[in-house]
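Here the chain labels run A, B, C and D in written order, and each chain numbers its own residues starting at 1.
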Amino acid sequence: MPPDTALILGVILSGLLMGGVYALVSGGLSLIWGVLKVVNMAHGSFLMLSMYLVYWIWRLTGLDPLLTIPITVALFFLLGICVQKGIIRHILEASLVNQIFVTFGMWMLMNNLALMLWKADFRTVSNPLVSGGLGIMGVRISFPKLVSFGFSILATCAIWLFLQRTKIGIAIRAVAQDRKAAWLMGIDVDRIYEVSFGLGLATVGLAGSLLANFFSVYPYAGDIFHIFALTIVTLGGFGSISGSFIAGLIIGLAEAVSAFINPALKYFVVFGIFLIILLLKPEGLREAL
Amino acid sequence: MALLELVGVTKKFGGLIANKDISLDISRGQIVGLIGPNGAGKTTLFNVITGFHKADDGRVLFNGHEITNFRPHAVCKKGVARTFQIVKVFGEMTVLENVSVGAFNRYNSGEAAKKKALEVLELIQLGADPETRASALTFADQRKLELARALATDPELLLLDEMMAGLNLTEIKEVTNLLRRIRDKGMTLFVVEHVMEAIMPLADRVIVLHFGEKLADGKPSEVARNSAVIEAYLGEEYARGE
Amino acid sequence: MKGKLSTIVVVTVVLSLLVAACAPPTPEKVVETVVVTKVVEKEKPVEVVVTPTPGPEPEVVKIGALYPLSGAGAATGISCRDGVALAVEIINGDYDFDLPLARGKGLPNLGNAQIELSFADHAADPNIGKEEAERLITRENVVALIGPYYSSVADTASTVAERYGIPFVCPDAIAYSLGERGYKWFFRTCASNKVYVEKAYMEMLKDINEKYGLGLKTLGLLNEETLAGKMERDMELALAPEYGYEVVVDITYPEKAPDVSAEVAKIKAANPDVLIQLSYVSDAILFHKQYREQDWLPKVFIVSDAGHSDPAFLEAVGADGNFLLSRVAWAADLAKVKPMIAQVNELFKSRFGREFDERNARSFTGMIVLADAINRAGSTQPEAIRKALLETDIPEKQLITPWGVKFDPATGENILAIDVMAETLDGKWVTVWPFELAPAKIVVPVPSWEER
Amino acid sequence: MRSYIRVIKRASLRHIGYLAFAMFLGVYPLIFRDPYFLYVMINVLLYAFLGEAWNVIGGYAGQCALGHAAFFGLGAYISSLLFIKLGVSPWPGMLIGALVSGGVSVAIGWPCFRLRGAYFALATIAFAEMVRVLFNHWEFVGGAVGLRLPVLGDSLSAFQFRSYLPYYCIISIFFVLSFLLVWKLSKSKTGFYWKAIKSDPDAAESLGIDTTKYKLISMFISSFLVSMGGTFYSQLVLYVDPTSVLVRDLSVRVALVAIVGGMGTIEGPVLGSFMMILLSSLIRARFGDVPGLHLVIFAIILVVMSIYKPQGMMAILEDIKSWIERRRSLGAA
């Protein structure tokens, strides 16, 4: 395998793998946005919190990030329910501006609380269970990203099945389609909101455990993932889990390829794609799937 | 020359044909009723005339000018005002402000618009205090407010979409007299209505739509006896039983 | 009626403003104005106002420390703040260190006056930096300012200090343009990027080529897209041809990115002999993991004193972080030559629970130099402090840094500030250049991943 | 007639408030001679001005535009570039910058206004981020290092002053002009049309309102004013770089001031700015060394306010006023 093609293949592959992680984070945002019709501007900060949780568990008990998955998923599911009960419930009827600014407020609150409590230092899990990489015919594959990709596929399928097959899943999709009609059909809409928000944050909990393998955590770690998630959810069409997954791969690929061409402008490309999708096809890929 | 003329207007939503090749004309000073069972395409026709929907085929002429597929605000500027099936008043604004918004269609200064608004409110005899918020009004008053707002744009043709729906008998009588008063001041009315007792005595002419097609067009009394109309409304057995 | 009333309101507003605006320029705590004679840039001579603070020597000397304590630069700001705090603790207390003013409490020439620090957070925002500088000078009545790590904030805050005639000691901002504004009250203890890129990086590479004959010809530049990154890159691009290097890859990447594999692939494709990288801690860690995953390393790897010198970097990458060359103001291995280095490190660890590092060292030294000048001035009179600063001549052995401090009157730059280079050998920074000074032997070229 | 008396009585209370505020503006620099207090008040008034500008599009026209940092940055950069490279005085530079920003805002606004609700907000965020990345890598404007304006001491033509008093007067006049402009607009046809569009776009369209045109007007006015604010900032701080004039935080802060104060009211942004910006300066002064504290308090106010009092401080004042009136009428009866 001539070095250049191996290199480019490596870039494409790592772009896709990274896209898997972005898709997982976006899946949660897409669910919340689709069901509750609330754009959660604090989604990135929840990811930061879950990364801190994984770091502190590892720091205090030595438990490897991958083993913390059940804990983070469960805890963040509960956190989702509390946040929905405590804050989001009040703003469901509010105007769009108020909704966006409540979530902006939560983003500011969490980032700066983290800064106050744990200072701004960079904390990394050193020598996690899964690290390093291997080369097949010169193409480099990173283990942590491969594992994360695997988990995000599993999680996306799990959510997809949950939504398609289980009673609650169907209820969630009904509420997403038409809240009032679902209400009339005897669905306890408030409980569905709590479950949806909980599920949305559970994916963030999982993503935190995966990212801790190769990403250091600091109070503003979540912000960049949040911008990617917004782009992906718009491309994938809010509320569509499969749409978000494919859109995640596309954005991961776009980021990697544009970075290979000119790293300085890779965000320009990502935001450019975001703007073009918004202008041409606001409903995103949802129709296509 | 007809005030409003529709020529072969067709509107499809995917497979469903909401309006199929509808042609009609309305001359100045008339009250024309548009009736038909639910889903006959009445509101769709209104939306096509006022530019909220794009006509797939056919032409819409107003005072001889082509207004097919004009944007709603351009249609209003030409002189066609409308109300909505579901009341759309500006909730946080006061009654006076709501009507002033309509008045600004013809007047630029705040004062002139306010004067016009007060005039229209006098005509409509809306009981409520001009300073109360629109959201605080009763359902019937909100409908009257929406009518007043449309009138304030100084239209020549007024499209009313189920004004009587949800009103009690006294309110229906009030609105009917109101429409007559408006017509007597030279306004032309094109009214979609379900409440037969209200529309039949009021309308000079009635057009019946059925499954998106024009079924009948004539005096209320003729239309009432037309077998096709009865069948469409009440089913075959009534139609035959003449 | 309502319309008329509102016009009255407007008239009163405009009137009252005009009264306020043209009120006689209030003396604003100003006595005489001194015009700076020497003008370097095309700027008009900057009128400098001198604020008198008469009265007996106060038993407390207030100094303002301006650092980014929130926002993007918080990690750096807090560690700079800790460095300054430690220096003040040593000065105020009685410590048996070779440092000036360590022995004996407070400032002897000012009746053992204690130094009191008032901290301010500029959050890396030039506007807030200006506001906080105003507050420290006019509300907290500080006699001098220290900080602010960010060159953009250093620009605006030092302009405020210049206007009031308050000494501004900058131990950590690197923009060389700061020294070229002809300011009278601006002093910088650390090397500017023009100095260290040329005097440290390029000279060292020349020595390596001569001594080890590696034939280093191609250069790779990898900088984050921040102010510091751009300034260093511009300097490297300017000097590379002079020293006979061809720049084969020049990457400016968005900082704090989630993934950098594409950038590393691009560098690997260009395969430069020497790579000079300036990154923040999180990016530094990400890049290093990618180098390992993509199995690539340059022959000589220079890292600028930013993310890589943060202890969190070596902690995260462990042994992979070896064989990196960086300019240092703090090398623990010199403790054998200078005992106080170990003493300061121990005291810092006991107070802040982590290793003393680069940024602590720079701001610590800046504070020592400032305190020493105030002590020599024997008063809190700004002009006296300024004269003392100009007369500063502290040799390297009396400081924890490998360079001494002596200011050039025209630019306020520390002419002795020529950084030494250190290399990470089995997890610790060890001074390796200039070769004649260095206790340890430099390891070049960088061993590949397999050889480790 | 009863209603008209109440209108006049309520209005006079409002005017007493304006008069009091006007006197405060005029007297403040005489009392607080200290430059620090002047500088804090300059920032408060700058954000009141920016908040009032954003209020035009966010409060009145009801479009949640979250990309106004781009226009603030454009204003700052254009006037500075004209001054540094061509020696053009910042005063005309400010107008040129404002016109360019207005033009750009209309160019980007036109396609974006087809979007509804959250998508419009996201499009504006994406646009502003693209501008920031572009300026961060554009050599001509100094890239990440930004632009440094030469310090020339007192010179009106160079819009630079040694003391902060002239800055204070300029920003006060800017603010008063923006206040009057918004006041005039809210009473005019445009203001009514904006409120109609915000309340129900379809109904507005059916009443002859070209909603796209009026949204573009609100976009133009708001970005024109925000761009003027950008020029004022660059002349005050004399340093312009992408991380201080083009960041998303600025777009949020500009909107936040209007929202917490009370969107769609003329006095809202003033209240919001005095509360939030003054508060953050005071907290920063008092607890300077506790990292991030002022932003935590900021955030708590925002969340609590948005949930329990979405209409902002103005609504609270209205409640207090009606409570007083009720008490007075009870007392009288």
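For the reader, a short list of remarks on this structure follows.
Assume a contact is a pair of C-beta atoms (placed from the backbone, for glycine too) under 8 Å apart; a residue touches a chain by one contact, two chains touch by 3 or more.
Keep in mind the model is a prediction, meaning the values are calculated, not measured.
Considering every other chain in turn, the ones in contact with both chain A and chain B prove to be D.
More C-beta pairs touch across the C-D interface than across any other pair of chains.
For the pair chain C and chain D, the distance between mean C-alpha positions equals 35 Å. Each chain gets a centre from the mean of its Cα atoms; for chain B and chain D, those two points are 43 Å apart. Once the centre of each chain is set as its mean CA position, chain A and chain D turn out to be 33 Å apart.
Separation between the centroids of chain B and chain C, computed from CA atoms only, is 74 Å. Looking at chain D, one finds that residues 133, 136-137, 290-292, 295 touch two or more other chains.
Within chain A, residues 112, 115, 119-120, 219, 264, 267 each touch two or more of the remaining chains.
Pairs of chains in mutual contact: A-C, A-D, B-D, C-D. Contact residues of chain A toward chain D in the complex are 33, 39, 87, 90-91, 94-98, 100-102, 104-109, 111-113, 115-116, 119-120, 219, 227, 230-231, 234, 264-265, 267-268, 271-272, 274-275, 278-279, 282.
Taken in their complex, chain C has these residues touching chain A: 70, 72, 74-75, 77-78, 225, 251-254, 256-263, 265-266, 268-269, 281-282, 285-286, 289, 292-295, 310, 312, 315-318. Of all residues in chain D, only 3, 6-7, 187-189, 192-193, 195-196, 199-200, 202-211 touch chain B in the complex they form. Across the complex, chain D is touched by residues 50, 52, 71-74, 76-77, 81-82, 84, 88-93, 97, 100-102, 104-105, 108-110, 113, 129-131, 149-150, 153 of chain B. Across the interface of their complex, chain D is touched by residues 1-2, 5-6, 8-10, 12-21, 23, 25-26, 28, 41-44, 46-47, 69-70, 72, 74, 77-78, 81, 118-121, 124-128, 130-132, 134-135, 137-139, 151-152, 155-156, 159, 163, 175, 177, 181, 225-227, 229-231, 252, 254 of chain C.
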